[in-house]
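One structure is given below, represented as C-alpha cells, and several questions about it will come after.
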Amino acid sequence: MSTNIWVWIAALLSLAIFSYLYKDNPAFRFAEHLFTGLSVGYFIVLYWNNYTLPYIVTPLVNHRWITLIPMALGMMYFFRFIPKLNHLILIPIAISLGFWNGMSIPLTFEADVLKQIQGTMVNTSMLTNIWDPQKGLMVGLLVMVGVISTITYFYFSREHKGPIKVTANVGIWFVMIGFGATFGYTVMARVSLLIARMQFLFTDWIHLIK
Amino acid sequence: MRLKITGLLLMLCWATAAMAASPVTAAPPEAVSVAVIAPPSDIKAVDTPNDAGHAITVSWQASPDEAQKLIEGYEVLRSEISDGEFVKAGYVPYGFTSFDDQDVPANGKDYFYRVRAVGRESQALSAVSNPARASEQWFNTLRINALISCILFTIIVMIFIARARSGQSLFIRRIAGLAAVEEAVGRATEMGRPILYVPGISTIADVATIAALNILGQVAKKTAEYDTPLLVPNKDPVVFTVAQEIVKEAYNEIGRPDAYNHDSVFYLTDSQMGFASGVDGIMAREKPATNFFLGMFYAESLILAETGAETGAIQIAGTDAIHQLPFFITACDYTLIGEELYAASAYLSREPMLLGTLKGQDWSKAIIVLLLIIGLAASLINPGIRVIILQMLRVG
Amino acid sequence: MKRQIPLIIVLTLGIFFFIQFFVPSQISTNIYQTTLQWTLVISAFAIVLAIGSLVNHHMLKIKRRKPHWWNSIVTLVALVVMALLGIFGRVKGLEPLGELYRKLFHYVQSPMDQAMFAILAFYMASAAYRAFRARSQEAALLLISGFIVMLGVIPFGSMIWSKIPDIAEWIMMVPNMAAKRGILFGVGLGMTATSLKIILGIERSWLGGGGK
C-alpha cells in the first residue's frame, strides 16, 4: 500500500469515477462536482495566463491603447444585464460568426470537396495493374462505387425509391463497413487507457504489481 | 448492468491478450565511413510564390555522394553580398533538394545562397547562387481553383434561393432523424421530464457548432410551445452566450417569454471529461426523457450516448465528426450523419430560402458525381483529359 | 435596426475574410493575425459570463436546497481554490501555493480525467453488444468489419490467421475510405452552405426570429 496521501486521493477519486458504471451514487456525485469545480478553476488560470495577461494586461501596460477596441467589443457581452441594451450582445457574437464563417468557406471547400474529388479519381498506375488488391483498377472502381452510392444516400431532393433506393442502400453498406472499421480501430486505444489506469491502481497505489 | 459486467470481463481478457505480445526492435547497425564528399551543385534561388514576402526558395542538385549514403544533410546559407559572409538560414536532412527560407527580411534587397553538404566526417560548400529578392503577392495563384469553385457553388445556391423566393415549392425527402424531433419533444412533454440538448463540445469556429445552434433554436421553439423544461449544458463560453441568446429569442418568438428559465442554458466546464462527467450526472439525476447530442464531438461521444441509452432516454445525435459517428450510431435511436446535420435547420423550419440552399447542395453533389464519372471515362479512354480535370482541381 | 448592425458586421467580416484567404500579402496576413487576437480578447469576456452562469446555477441549488445541494458547495469551493492558487501561485513569495496548485492538478483533477477516459473501454464493449442485439443488416456489417479491423491491429489477430492484418488494412483503405469520402463531400457542401447562409443573413436564428 502506498503511504503517499496524494496517491490515495488519486486512487479513491478514480474509484469514485469508476463507481458510476454501477450506478449514480454519493461518491460519484462528490467526484463529479469536485471535477467540475477544479477544472473550471484550472481553465480560469489557463485563460488568465493565455488570454488576459498577453492580450489585455501586457498591451495596456505597454500603452498599446488599440487593445481597448476589442476590450470595448468584449464588454458588450455584459449588456446582457441591461434589458434596454440587451441586443448589443449580438455585436461580439456577430464578429465571431463573421470572422470564422468567412474563413471556413474556402478552407472547407478545398479540404472536403476539391481534395476528395482528386483522391477519388482513378489514377494512371491503376490502369496497368488491374487486379492488385491495394491499388489496382478494380479497387479504384470499387472506391468510386462506394463514393457515388454514399453521395446518393445524402441526396435530399428525391424520395429513396427505385434505383435511387438501391444505390442509397449500397451507400449505407459502405458507410456501415466504414463505421465498423473506425470502431474496431479505436478499441485498442481505449483499452490501453484502461490498462494505464489499472496499472496506476495496482502498482502505484496497492503495490500488488511490482 | 449485465451489459457492463460482460463488458468488463471482455475488456480484461482483451487487455491480457494485448499485453502478452510486445515487439522487440533490433539495434541499428554501426556505421562506418570516412570520405571526402562532393558539394551540391546548380544552386537556384527564387522568390517563394504566393506569400507575404518573407521567403526565398532555394533548390539544388543533390551531392553525387548521397547515393553512397555519405551525406547527412544540407545547410543552407544566406548573405547580402555574393562574396560576403554567409550565415546559416536552415538545415534539411539528406533526400531533400530544396528549402524555403522563411526569415528573409522584407527590405527589397537581393540575397545570395550557398548550400553546404554535411557528411559524418567532412563538409563541402557549393558555389554561390543567383541573387533573389523576397516579394509579396496579392493573389495566391494556387488557390484559384478554390476561388472559382466557391463562386460557382455560391451561384448555384443563389439560383435556388431565387427560385424559392419566387414561390416555387421545393421537395425535400423525409429524413428519419429529423422527423423524430417532434416526436421526441412530445414524448418528454407527456412524461413531464426535461429535454437535454448538448450543442457539441467545440467552439463557435466550428461550423458544426453553428448548425447545432440553429437546430437548438427550432427545438427551443417546440419546448416553449409545450412548456417542456430544457437543459442546455455548454463547454465553450462563447457558444454558451450564443445558445442562451437563441433559446431566449425562441421563447420570445413563441410569445412565452415568461416560460423562459435563465438557468436552463448554462456553462459546465471547459474540460472535455469534466463536461462528460457533469452531463452524466445530469442524465442520472434529472432523468431527461430526450437527449439531443448535436454538433462537434470527440471521445466523450460514447460516454454521453451510452449513459443516455441506459437511462432509457430517446436519443437523437448528429455530427460530422466521422470518428464519433460509429458510437452515436450504435448507442442512439437516431443519428444525423454528416450533411444531415447541416440540412436540419432547413428541414425543421421549412423556410423556403433555407430549403433553396439545400437544393443547391444537391445539385452540387450531382455535379461532383458527374465529374467523377467523366474523370473515370477519360482515364480509360484518354489520360490527357484526366490530367486537365486534375489541373482543374489543383489546390494550394 | 437592432438586427441590422449585427447582420452588416457578419456580412462585411464574412466577405473580407473569405477574400483574405486568397491574398497572401503582408497587410492581409497582419489583419488576419490582429483579428484573430481580437477574437481571443473578445471571447475572454464571454468567459466571465460563462463562469457567472455556473456560479449562479450552483448558488440557486444551494439556496433552494435542491436534492444533493451540498455537492454544489464542493464545486464552488474547488473552483475558487483552484483559480486563486493558480493565479497567486506565480507571485513571488507565494510559491507554495503554486506547488499545491500543481499537486491538485496531478493528483486530483488529472486522475479523474483519466478515469473518465478509461470508462470508455467499458462503453465500447456495451455499445458493441448493443449493435449485436440490434440484429439488423447494417449492424451486422458494422460488427463484422469492426471485429476484423480490431483483430488486424493487434498481434493476436495475425496469430489466428496471417492474412487478417491485410484484410483489415484493405477494409480501412477501400470501403472505409470510400464511405468517408462520400460523407466528406456532403459535409463540405453542408458546411459551406451553412457559412454562406450565416454571412448572407439567410440563417438568422442566432439573432432570434428563426430565419424570418
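Lettered A, B and C in written order, each chain numbered from 1.
Going forward, a contact is a pair of C-beta atoms (placed from the backbone, for glycine too) under 8 Å apart; a residue touches a chain by one contact, two chains touch by 3 or more.
The model shown is predicted, which means the values in this text are computed figures rather than measured ones.
Farthest from subunit C in terms of Cα centroid separation is B. Of the two chain pairs examined here, B-C and A-B, it is B-C that is joined by more C-beta pairs in contact. With centres defined as mean CA coordinates, subunit C is found 4 Å away from subunit A. One finds 12 Å separating the Cα centroids of subunit B and subunit C.
Centroid to centroid, with C-alpha atoms defining each point, subunit A and subunit B lie 9 Å apart. The set of subunit C residues touching two or more other chains comprises 18, 21-22, 43, 46-47, 49, 51, 54, 68, 109, 112-113, 116-117, 119-122, 124, 127-128, 139, 142, 146, 154, 180, 183-187, 189, 191-192, 194-196, 198, 206-207.
Taken residue by residue, subunit B touches two or more other chains at 4, 8, 11, 18, 143, 146-147, 150, 153, 207, 210, 238, 241-242, 245, 268-269, 271, 273-274, 277, 285, 322, 326-327, 329-330, 337-339, 343, 358, 361, 365, 368, whereas all remaining positions touch fewer. Within subunit A, residues 17, 20-21, 29, 31-33, 35-36, 38-40, 42, 77, 80, 90, 93, 96-97, 101, 104-106, 108-109, 113, 117, 120, 144, 147-148, 151, 154, 175-176, 179-180, 182-183, 186-188, 191, 194, 198 each touch two or more of the remaining chains.
If you check the complex, the residues on subunit C that touch subunit B are 18, 21-26, 28-29, 43, 46-47, 49-51, 53-54, 56-57, 60, 67-68, 109, 112-113, 116-117, 119-131, 134, 139, 142, 146, 154-156, 180, 183-187, 189-198, 202-203, 205-212. Across the complex, subunit B meets subunit C through its residues 3-4, 6-8, 10-11, 17-18, 20-21, 23, 50-54, 106, 136-140, 143, 146-147, 150, 153-154, 157, 161, 207-208, 210-211, 213-214, 216-218, 221, 234, 237-238, 240-242, 244-246, 248-250, 252-253, 263, 265-269, 271, 273-274, 276-277, 285, 299-300, 302-303, 305-306, 309, 320, 322, 326-327, 329-331, 337-339, 341-343, 345, 349, 351, 353-354, 357-358, 360-361, 364-365, 368. The residues of subunit C lying in touch with subunit A in their complex are 2-3, 5-7, 9-18, 20-22, 35-49, 51, 54, 68, 71-72, 74-83, 85-87, 101, 103-122, 124, 127-128, 138-139, 141-154, 168, 170-189, 191-192, 194-196, 198-199, 206-207.
Residues of subunit A that touch subunit C in their complex: 6-7, 9-11, 13-14, 17-18, 20-21, 29-42, 44-45, 47-48, 51-52, 55-56, 67, 69-71, 73-75, 77-78, 80, 87, 90-99, 101-109, 111-113, 116-117, 119-120, 133-134, 139, 142-151, 153-154, 171-188, 190-191, 193-194, 196-198, 200. Looking at the complex, you find that subunit B touches subunit A at residues 1, 4, 8, 11, 14-15, 18-19, 143, 145-147, 149-150, 153, 171-175, 204-205, 207, 210, 238, 241-242, 245, 268-271, 273-274, 277-278, 280-281, 284-285, 322-323, 325-327, 329-330, 337-340, 343, 358-359, 361-362, 365-366, 368-369, 371-373, 375-376, 379-380, 383, 386, 389-390, 393-396.
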